[in-house]
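Before I ask anything, here is the structure I am working with.
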Amino acid sequence: METELAIVGSGPAGLAAAIEAAKTGVKVTIIDENPRPGGQLFKQIHKFFGSEKHKAGIRGIDIGHELLEQCEKLNVQIFLSTEAWAIFDNGKALGLKHGNNTTEKLNTRKLLLASGAIENPLAFPGWTLPGVLGAGATQTLMNLHRVLPGQRVLMVGTGNVGLIVSYQLLQAGADVVAAIDILPQIGGWGVHASKIRRLGIPILTSHTIKEAFGNNEVKGAVIARVGQDNKVIPESERKLEIDTICIAVGLSPMAELAQSAGCQITHIAELGGWTPMHNERMETTINGIYVAGDVCGVEEASTAMEEGKISGIAAAESLGYLQRGKANGLMKESQESLNALRAGPFATQSKLGKEKLIERFHKC
Amino acid sequence: MGLRIKNHPILGRDLRKDMVSIEVDGKVIPAYEGEPIAAALTASRIKVLRKTKKQGEPRGIFCARGICTDCVMTVNGTPNIRTCITPVEKNMKIETQEGLGKWREEPK
Amino acid sequence: MLNMLRSSGVLSEQELMELPGVPPMELVEKGPVAVIECAEMIPCNPCEACCPTGAIKIGDDINNLPIIDAVKCTGCGLCIAACPGLAIFVVNGTHTKSEALISIPYEFLPLPNVGDQVEALDRQGKKVCMAKIVQIRNSKKFDKTAIVSFTIPKERCMEVRHIRLS
Amino acid sequence: MERRTQINEEKDIILCRCEEVTQKTIEKAIEKGDDTLDNVKRSTRAGMGLCQGRTCQRLVAKILKDKTGKPLEELTPPTSRPPFRPIKLDLLAQEGNKSVERK
């Protein structure tokens, strides 16, 4: 099979890139290992922040539908339940495994890796028990598959994911006994924290999980207060009767495809870990391989869409579908949006991380 | 309270109708065709999906997106199937996987 | 700065009153007026965009905190459902002599019914008094964020921010 | 950020969920001289199971960083090789046959 732009991942970055490229006439093929497109958008049932331009006030799930509709109109080819199990010839070909257990090689002129991020683990005694799972995993189960992982939940981590999933657990009919964080301050936005506090969910900062217990599955957990040195304060332990523990301690970019293709990767804590280096056009150190979204730095869906746009425009230009001047103008627009999105105090880290990443690209 | 979310303030009512039967370690449970096997098992409160090879520890759903491989089970005689991303089919036979699992040829 | 919010998820009274989206008490008492409990610079502006009277101002930098113009605000409540952070409430201190009318975003099932007596909760989820449901708005435009209005004793109007069905 | 990826200090716990490799085993390997993620992986099997280190790699990296004092910037993740997702060998064989036929 042949295409001009192959995109791995149909989340906000991949879809936005596909739309920009397909608009100019590029033949676009998207591969996604999930049975449904949209990446994490379809489990985001809350209204998104941002400006009008970034579809603010619209629920993630509806943004997903909108982007897909546009892709359909532009004849973007999407293969679902299809895993890119290998990457060949400097990104000029992908090994695909379809859901019906057939394999295929996809040759492509340009490649965009928009494979997103993966939830961070947190190891504590009992963390391998059934009933301990990712907060994102919980979101997938309840918002996509309409099944709760359990009825009484402890949320570990108070970043936006932990806070939002706590709220959504209540919407789905479960109880959240507490959301805890080892740091003295809540990680996520105040509005998300306030939302769950007024529902009666306690937020316990400077708290850690000591262990999960239960024979075959989680029956409870022991949490404890920590001092400034992060060590447990003696006799501050508390037993909670719960059947589910959600781990919400951040995300890491899923950079393995880029790494195996030979793209230079680097560790940037502000972006969540190892990520492929890229330039202002979202191109990696290998010509013709682009990245966009969480795979090159964990941020928001709104930034992922703008990065996706830039990569789609850059790919279209290098394929000869866009004049340089036109492409630069379009990219500049998206770059300005990115700057605005990264201007606030909550984006200081990712802004810094992105600057480091691009700087390292130019140095290498 | 069941673990299936029948009505939801944002997602609305669950409009899926007919359920099929699948067999888990010899026990028949209801499931929706096309939903991940692990979702159907969770709804029936089956959380232990496999036992590890060395220590025989129980494991269940962890990432729910096909990456961590902790939810692998033996499905229709084939071991190491990621149940969090494998859709339910009518009359599937699912077994808790012990260790690396055993292949069982389907009767032809 | 915002120590209470950051460590507990609840704005202290002082943190609250310093917000540009929260009108001074004497204007709240004269309501109806939107009380925008948005304290952090998040890139977001649907409240400004949805306001029919131009009473909410954010300006060019979408990270700015929203500023409420209590005189322009009619208390229509469109911003309640538009705010992705569910941080906007409308307080009407002049509903009756002794009661205030509070309108909140509500995204749970079941919805209460008009006339129901429900528990009124403060920002920490604690019951502070009873509330009587007066109106439920759930139009398509609000996209599943219902706006529930209820009456409570006037002196609780800056405390009560949620309800629990008894 | 990093303070959250705490690792338990009292009990020995499994870090690599697939190969059931514990924290102490990994620490011992580092004490014996394994100073890269690849070396730890080879000597302990942490990251060699079905998921290929997609869950434990970050935990192992943290221990390696703490024990050797090497910043994460100086560590490289273990070599990433296909298949990136579990795939049956007979499928790969079919793919191989197809490319032979094409030639």
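Observations on the model:
The letters A, B, C and D name the chains in turn, as written, and every chain counts its residues from 1.
Operating definition for what follows: contacts are C-beta pairs under 8 Å (C-beta built on N, C-alpha and C of every residue); 3 or more make two chains touch, one makes a residue touch a chain.
Computed from a predicted structure; not experimentally measured.
Remark: among chain pairs B-C and B-D, B-D carries the greater number of C-beta contacts. Here the CA centre of chain B is 43 Å from the CA centre of chain C. Between the Cα centres of chain B and chain D there is a gap of 27 Å. One inter-chain figure worth recording: chain C and chain D are separated by 49 Å, centre to centre, where each centre is the mean of the chain's CA atoms. Look at where the CA atoms of chain A average out and do the same for chain C: the two points lie 31 Å apart. Looking at chain B, one finds that residues 8-10, 57, 59, 62-63, 66-67, 70 touch two or more other chains. In chain D, the residues that touch at least two other chains are 14, 17, 54-55, 85.
Contacts with at least two other chains are made by residues 33, 59, 118, 128, 171 of chain A.
Of all possible chain pairs, the ones that touch are A-B, A-C, A-D, B-C, B-D. Across the complex, chain D meets chain A through its residues 1-8, 10-11, 13-15, 17, 23, 54-56, 58-59, 72-73, 75-77, 80-85, 87-88, 91-92, 94-95, 98-99. Those residues of chain C that touch chain B in the complex are listed here as 107-109, 144. Residues of chain B touching chain A in their complex: 1, 3-5, 8-11, 14, 35-36, 39, 42-43, 47-49, 57-67, 70, 84-85, 87.
Those residues of chain B whose C-beta lies close enough to touch chain D in the complex are 52-55, 57, 59, 62-63, 66-70, 72, 80, 82. On the side of chain A, the complex with chain B involves touching residues 33-35, 45, 59, 61, 81, 118-119, 128-134, 136-138, 140-143, 145-151, 171-173, 216-217.
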